[in-house]
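Please find one structure pasted underneath; my questions will follow.
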Amino acid sequence: MRIFLAKRVFTLVLTLLVATLVVFVVLEILPGDPAAVMLGINAEADTLNALREELGLNRPVLIRYIDWVSDLFTGDLGISYTYDVPVSELILSRITVSFPLALLAITLSTLIAIPLGIIAASNHNKPMDFLVMSFSQIGIAIPNFWFAMLLTILFSVTLRILPAGGFAGWDAGIGPVLKSLLLPTIALALPQSAILARVTRSALLEVLKEDFIRTARAKGVNNQGTLWKHALRNALIPVVTIMGLQFSFLLAGTIIIENVFYLPGIGRLIFQAISQRDLIVVKNLVILLAGAVIMINFVVDVLYAVIDPRLRGDKDV
Amino acid sequence: MSRMRMKTIVTLIVLTLGITINASSVMAGKSSLNLGMVLEPPHLDPTAGAAAAIDEVVYANIFEGLTRIDKTGAVKPALASSWTVSEDKKTYTFTLRKGVKFHDGASFEAGDVVFSLDRARAKDSVNAQKALFKPIESVTSKDPNTVVVTLSQPTGSFLFNMGWGDAVIVDEKSAGKNKSHPVGTGPFKFSKWVKGDRIVMARNEGYWGTAAKLKTATIKIIPDPAAAVSAMMAGDIDAFANFPAPESLSQFKSDPRFKVVIGSTEGETILSTNNERGPFKKLKVRQAIAHALDRKAIIDGAMFGYGTPIGTHFAPHHPAYVDLISTHPYDLDKAKKLLAEAGYPDGFKGVIKLPPPPYARRGGEIVASQLRKIGIELEIIPVEWAQWLDQVFKKRDYDLTIVSHTEPMDIGIYARKDYYFAYDSPEFQGLMQKLAATVKTDARYKILGDAQRLISKNCVNGFMFQLAKHGVWNKKVQGLWENSPVQANDLTQVYWAD
Amino acid sequence: MFRKLAEVFGHGLKNRSFVIGGIISLLFFLVAFLSYFWTPYPVEDINIAERLLKPSTKYLLGTDHFGRDILSMLIKGARNSVIVAFVAIGIGLGCGVPLGLTAAAKKGWVNELIMRFNDFTFAFPSLISAIMITAILGPGSINSIIAIGIFNIPVFARVARGAALSIWKREFILAARSAGKGQFKISVEHILPNISSMLIVQATIQFALGILAEAGLSYLGLGTQPPMPSWGKMLNEAHTFMHFAPQLAIYPGAAIALTVMGLNLFGDGLRDVLDPKLRRSR
Amino acid sequence: MTLLQVKDLSVTLITAQGPQEVISNINFSMDAGDKLGIVGESGCGKSISALAMMSLLPPDSQTSGKIILEDQDILSLNSTQICSIRGNRIGMIFQEPMTALNPVKKIGAQVSESIDLHMNLNRKQTLERVTELMDKVGLAVSRFPLNLYPHQLSGGQRQRVMIAMAIACNPKILIADEPTTALDVTVQEQILDLIRDLADSSGMALIMISHDLGVIAQTTQNVMVMYTGNIVEMGRTVDVFQNMLHPYTYGLFSAIPHAGSSAQKKRKRLSCIPGQVPELHLRPQGCNFADRCSKVSHKCKAIEPAATKISDQHQVWCYHPLTQEDKK
């Protein structure tokens, strides 16, 4: 386990380092001058130069890269060009929107998907199974932003009971926050749950064919018991894999969904930062997100070992 | 299922989820205002950025200059209670108001004016409108309440210029932090900024002038037109000084709760043309384009009918405006003929780069479709502002673009031969020189008229329409600006009627 | 080859997903093809006077904010989706399969390098990278093809590698190796034909994902540009009109969902048909 | 006293080729403490009949006939009643110890599960019972803690865990379905001995299913030879082994290697009985073995043979039982 962990951490750091290089190079290529964006069309050349100097954009490329990476290690992400506040503060304030959203979405999708998958698998080839699979097929095919629009049309335009967008802010209390996150959460969670339900179902069906299920039944365990006590945990491995992969999709999803609902989250921040050429925000955010994905993959690996004792690498007796 | 029942069910579901449904506006009371804004300001220091959104938040609310522009566009005294101008029009002596304090308690004195103006014109200045301060030769404080500004040459618009957001007076102590925590002298104090969501201001109880009527003002950032409609409808927003969705104005007009005010702006929306590139070098080609533009269709299609057609680069509500629309009427046959005469009987291909605002993106699609009718095939390339500034504005790598020039009285840009239109006309440059040296209003207006006629005759750009200001607000909200002579949301006089 | 196709088709007719998905997919391709010859109205023509009309006999699905016929835009939008998804798959197959085959054949550090590269590309949420790519290259359908295509590369590399590894263990490969054939030759002559069915199935899935991705990018304004209609862009435009012309948001979304569902069903069916082991259990 | 009676049992499974009858009308019975062997090639229906006794057939299969355990017809019970029989009154050991144990559960928990289900014991008593069982199957808890996972054990050890699970509730009948096939030869012996000893000491009836006549001879008193869902020969193990009458039985016997590896065994068997077990849907009319039989006649291919009683303890379903001549 320890060697396994050490190896994982090493690749994790290496991947992140390569990621910093790629992101940095990409942003160097990115056309558009942050100073020009900030100062607009009437700005004069020496004003632009003064601002670039102030932002530290006039230093040599290599120095800037090394500075950035070493700052990353110390946790100092620098000051946003446009907002003029520490990037870490900016990101933190956006995370208070995106993280609850992602968490709610993944919770909701799991809460929907796993029971649906179980229902479908335990009613294999029966009408209930067909129903769940149809839901799944439709859910997978529907783009989440369209679904978000449909939800808005129904709940905000027609019924007018939920806001069409915006975030109430945490100081407004938990109620308004949940209210503003409700539609985005559903829009994110439902398509995800469609995929997850499908994976749960097929993983369960796969496991239910295994010999040890027959063993359990031969012991006198009833159908419910075999499903819950024996099949489910074994089926969790592919389910957790997909959930790990979905995290990355979820991040992508939040970018679009935050744009549909105008939530001041990470997704909107990165979109906005790219268009305003707030490069310092962009590069740190991208690294943060890549880091999050890599971390999640790491967590998934660890979860595997928790679920499946065979992967813990313990020695035989 | 009936809609009624559906609603009940959904309501029940929502209630059981523990989510209270109430329109927050009901609670808002009469002393606070939620003002909607489309773009979030990047920061709140008007002396260090070009974004109109900065001024829309802080101008006249938090920061004040020596002078200020009122809702009619006239120059009024602000931190300077009065001024005198020397005979040669080169020395301005400002008498400052007494007893003015910055929000942090620092008192306002002549030294602050000297600091602010010197900072704006310094070598390392990051002021986006540095040109405003170019004529200034020196700024000196005669005593704590008197400032003398000496100009290198007479500048007719100097007092107007000092009313711009970029010329507000800041305190040396707090200037460095104005981006995130602005400290000014205005009737509102900055209280907090939830990035990406809202900016809150509270009444400045120690204001030198008439105190603001509102206790707090919250500026909510709602970039999405659809969200803006719902927020307005739900009462989450009390007013939108410039509503982002002209297509939904009719909806608000028919709703007795709201007042829709169509005002004017300083935004001349034009089909900017690269005068030094390919076919666009030829006057006949530019004339053909002018004849091929159906302004009514563009205004209807892009702005849902809100906007005033223009035939030159000048605001129609200005007294010096000359109506030149009929010089190039919509006439496809003539356009085709002109194009053929220019040597392009079968038209040609070009590129139109469009910045993000809907007037540009939608307008660009319509323009492309209109020009296709005379054989000009335009490839539509949408660009972000960053790319627009870089490619179009700086490197002039474009054929056509659409942009609204929102600076007031900016016809002078046509005299800059290195400007992105690449219009180099000694005749026009001469007119502008003459204008700068002219002080009498009548004479100035005549020169301005000639200038308008000249760029119209030369078809420098495709002149399309003056951007309208679509105000939508709760009927009970009083005192908001109907027009925008400068980019501002002056909330000083705003109050709720009973 | 032809006989095998006929056989697959024969089996397929018994598979519900294959038939339903196949019909929807076929319709989608036919509609896309149709747009080259005919649409009810030209989609470039802006007619402000007739904008935002409700469906009628003249305009079966109504008109958009520029007075363009929605049906015509949907038809032409199908073509756009096909092209983007198709070329993106071409990129994925063209680069991913050789990478995957090499990784499977070479093992060692080449394998390690290719797999690390794969992990690495997976680490970046695809949409963020797509946004960055379009920020560099500018928005447009070609750049969205590149952005989507790049993300197909690791997918195909992974599938190709996994499948190839299992084929390498087979006895006939051993025979070919003992006959002195090189790794490259074996990969092309023996491995590739044997993993082709898996690649085809993956391709249909990626096709569906490509259509979704294109719609997402166009929705954000980074994909296809006017005057070429795109379903995602239509949704973007409809968003503004949601309050008084909600019908605009319905049709393009429904078109995306239906097409993607059709392709997914077809992919599922095809996998069942091509993989006899799974035929009974599903 | 008759413990188990199987009457006219037929089983039809749904296969890719449609419904197939895999067990046709078999009848047999056994008394408490009996040791019955069922022998035949794979696909002959021996495992299916065992699964039928446990009511563990796939849900879409159809059965007819009766399986009477003591006084209950297993086939007519509802699922709750069946669950109270499985693991309690009938225990079963499966062929693949590698896959028959749940990989994510500790062995102790897997053994105690049937105790929890069927025996009314408190936690301490359960633990004692599990420890006792583990001792019995030769996995003393001191060396093999109960918190081990299956993957930490060898195949033979896992099969011992299986056995502990199967006998946990002192079942009346223990069904062992090819319990040693997947094991190393050296381990096979130990496991067989263990099963036989356990059956002897507790008075359980044993049904030993195997394709290996050696295993049968070693562990059973009675034997039933099955071929394509039919019983072809049945009788006391001694009688049947000494006097094989059905050509198929003899073919199986000839396949036993007298020396050599298992691979040789396989090859030899193929050479002894020509051809292969016919696919179920291709079964011929008449005697199913006809196509592979050296003594086939027209009659064999026309009408299915009925039972011929050789002695009280020995029956054969064949028109041409083997003679001593044939066996040379």
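So that you can tell them apart, the chains are marked A, B, C and D in the order they are listed, and the count of residues begins at 1 in each.
Throughout what follows, a contact is a pair of C-beta atoms (placed from the backbone, for glycine too) under 8 Å apart; a residue touches a chain by one contact, two chains touch by 3 or more.
Values in this document were obtained by computation on a predicted structure and should not be read as measured data.
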Query raised in the report: B-C versus A-C: which has more C-beta pairs touching?
Result: A-C
Report summary line: One chain's C-alpha mean falls closest to the whole-protein C-alpha mean, and that chain is A
Query - Where chain B and chain D are represented by their mean Cα positions, the distance between them in whole Å - result: 89
Requested in this report: Round to the nearest whole Å and give the separation of the Cα centres of chain A and chain C.
Outcome: 23
Report summary line: Rounded to the nearest Å, the gap between Cα centres of chain B and chain C is 44
Requested in this report: Determine the centre-to-centre distance between chain A and chain B, using the mean Cα coordinates as centres, and give it in whole Å.
Outcome: 38
Report task. Two or more other chains in contact with one residue: find those residues in chain B. Result -> 224, 226, 229-230, 233, 384, 387
Query raised in the report: Among the residues of chain C, which are close enough to touch at least two other chains?
Result: 135, 239, 242-243
Report summary line: Among all residues of chain D, those touching at least two other chains are none
Report task. State the interface residues of chain B toward chain A in the complex, per the touch definition above. Result -> 3, 6-7, 10-11, 14, 17-21, 24, 42-43, 45, 48-51, 123-131, 179-180, 194-198, 220-224, 226-227, 229-231, 233-234, 236, 356, 384-387, 389-391, 393-394, 407
Query raised in the report: Tell me, which parts of chain A touch chain D in their complex?
Result: 210-212, 214-223, 229-230, 233-234, 307-310, 314-317
**Report entry** Contact set on chain D toward chain A in their complex
**Finding:** 54, 56, 79-80, 83-88, 91-92, 94, 96, 99-105, 113-114, 117-118, 143-144, 148-149, 151-154, 162, 165-166
Query raised in the report: Tell me, which parts of chain A touch chain B in their complex?
Result: 31-34, 36-44, 46-47, 50-51, 53-54, 82-85, 90, 93-94, 152, 155-167, 169, 175-176, 178-179, 182, 261-262, 264-265, 268-269, 272, 274-278
**Report entry** Parts of chain B lying in touch with chain C, wherever the complex brings them together
**Finding:** 224-226, 229-230, 233, 245, 247-248, 251, 297, 300-301, 358, 362, 365-366, 368-370, 372, 380-384, 387
